[in-house]
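One chain, chain A, links the two complexes that follow: it is found with chain B in the first and with chain C in the second.
After this line comes the complex of A and B, so read on.
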């Protein structure tokens, strides 16, 4: 049985912890603490300061080890630690944020080397309540930078929705 | 975050820690989500803002590990290194104290004086 490490990263409030909890077959190991930042508190009460961890076994027996990074820039040192040995990256962007495409730029830039070596998929959350920017805007940005990655809307609370992202990532890893 | 008047009180207590224990080279009080509240160091040798954030990460991991093992709350995390010791400890549910020494043989003093300082700070906030 093979094991694959996948890292969920992305903007604060995009649903990284929620997405891992939605698909994990073990109780998620979480390091959420009470938030003190005013901008965080407007959206949620807690924030991840170290990592999340969950596991998912696929139908073919492959075990996915799911790691979530903190979303806030000051914990950027954890992004590199958690990316070590990972085979793929799920970038979640909160479409209700003030600058979702700017957030995507930040994560693409931070993980550029990792993405070049492995692969990534981009999930856009909260599109139901905040349809702009639309998916085409994200694709246009990626195209301008010569990046080819799938961009999918995601409901981080929905197991099916998160599994679809994972399947897209695995397909990217398998077929490029 | 702490009110400015409280921060001043905390800084006075951190100064006292450095006065009372010559082995302590720097000390930081941070929120558990990684914001620096107060700091003191003998020389400007360290980036204490980053230490505050990393202290919150480590303390939270400690809490998660001890919860997983049903060992109660995590009191201290000690990092013993080639060139010194770093101690991380809870002040209360929301604040963390991080202290460090470059003297390898001062772990006991670092822990003792830092714990006393953390208890005093807990009474102030």
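After this line comes the complex of A and C, so read on.
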């Protein structure tokens, strides 16, 4: 086993950079730039253009690497590069976006092969401010497509919440 | 009160008369009503008489036989020492009555009991009783099923139905308030790990032990101001109670042998949980299996699997399937498993 990594992907502003920062033991290395697109600017000041990187040191000295993909569509080519060889995928979806379920579809389609070979967990962020769509709507979509992945509310600012997602991912990898 | 008929076989005249009169004498001290009838199903057999031994051989499979002798014969489940005395007679008849009520078909008679069988009072656990296993297991299952209505859940449901704010409490522990207006509960922070280590608490006792008192909605608000605490969705309290009060007993109306699957993950962001629940959710959303198989594949104890299943059932997450369907998950190497453990350990530090 060469590099041990988990990849965070998902919609713009969903909290990928924040989630990695919440659990990484080093300050997150980010390629965030000041947002220039009007669309991004409306929502936040910076956006990731290449990747985020954080890490955790395991008891035996090995490093668990945490990568975040850029959220904007124009950087899609980075997604697969980052996911290659990863243990599993954390998909974060911003529930306050205009079409969060549509966003989820996009990520699932994009990573379908990877998910089939490994596994994934879906975290829905910003549910505190935007409770709709609810979890059931996400599950209904997934069930129609025969996808049995966990969908859990997450607050990327809380490490407990992010840890919960990774626990679910590890359980899926081992038992799911 | 249950009524039992008893007769004798091969007793000499003296003993027979003595037994009949003793039966009358002790009657007030018996837990059931006993009367003497020639055609009774329960029979006291003199094992020191040839006739008695022969009768025992022929009838031991069909009738409930009590051996009457100086020494307890190895093959006897029920035994009355010779000569007949009041105290042993009361003990034997009461123990037998208890076992008969437990085993309505009375099949538990005369299978071999090891010579080491200690005393009458331990009879319900002797091998002789176990041979009647179909009866025993259904009896103990229904007796031991988890009935949510008998726990805090039943009281909460009544409060919801009546639209009445309530305060629930046991002893001097932190109360749980139910606000009908908000359809939420209020209490101090709930820690499943702490609760699991506490022998009795509001969430694992039966209803009779819970003091419940109607209160005004404003009292709930006042309680927050005075005592702090936080609001929990009703579902979280029901979930927590099911996990705590089940104690490994399957919820009423379910069969252990039925393969089951979860429709989707429980919302663990809201529902209190421990690490093994996450494992169970991962397995049970992907595989359809009996609870015994779930326990085996996830290495979680069957009691904990049952508790989790009950909570999922109340959350309406359970799907019953005709047949078990297991994904072939052999590709997880030991190295991977130990890596996952390592990551988990680091994360939960």
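Convention: the second predicted complex is superposed on the first by the 166 of 176 C-alpha atoms of A that agree within 3 Å, B and C clash if a C-alpha of one lies under 4 Å from a C-alpha of the other, contacts with A are read in each partner's own complex, and residues count from 1 in each chain.
The rule is simple: a residue touches a chain if its C-beta (ideal position, glycine included) is under 8 Å from a C-beta of that chain, and two chains touch if they have at least 3 such contacts.
Predicted model only: the values in this text are computed from it and were never measured.
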Message: Given the alignment on chain A, is it a clash or a fit between chain B and chain C?
response: fit
Task: Could you figure out whether chain B or chain C reaches more residues of chain A?
output: C
Message: Using C-alpha centres only, what angle sits at chain A with arms pointing to chain B and chain C? Round to the nearest 10 degrees.
response: 170
First, second, both or neither for A:166, with chain B first and chain C second: second
- request: Would you check which partner chain A:101 touches, where first means chain B only, second means chain C only, and both and neither mean what they say?
  value: neither
- request: Classify the contacts of A:115 with the two partner chains as first (chain B alone), second (chain C alone), both, or neither.
  value: neither
Query: Which of the two partners, first being chain B and second being chain C, lies in contact with A:135: first, second, both, or neither?
result: second
Task: Could you say whether A:56 touches chain B, chain C, both of them, or neither, answering first, second, both or neither?
output: second
Task: Working from the superposed arrangement, determine the closest approach of chain B to chain C, counting only CA atoms, in whole Å.
output: 26
- prompt: What part of chain A is in contact with chain C in the complex they form?
  reply: 1, 4, 23, 56-60, 62, 64, 135, 139, 142-143, 148, 150-154, 161, 163-164, 166-168, 170-176
- prompt: Which residues of chain B touch chain A in the complex?
  reply: 1, 31-35, 50, 53-54, 56-58, 60-61, 63-64, 68, 93-94
Query: Can you list the residues on chain C that touch chain A in the complex?
result: 263-265, 267-270, 275, 278-279, 281-283, 285-286, 297-298, 329, 332, 335-337, 339-340, 342-348
Chain A residues within the chain B interface of the complex: 29-31, 33-37, 40, 47, 49-51, 70, 72, 74-75, 77-78
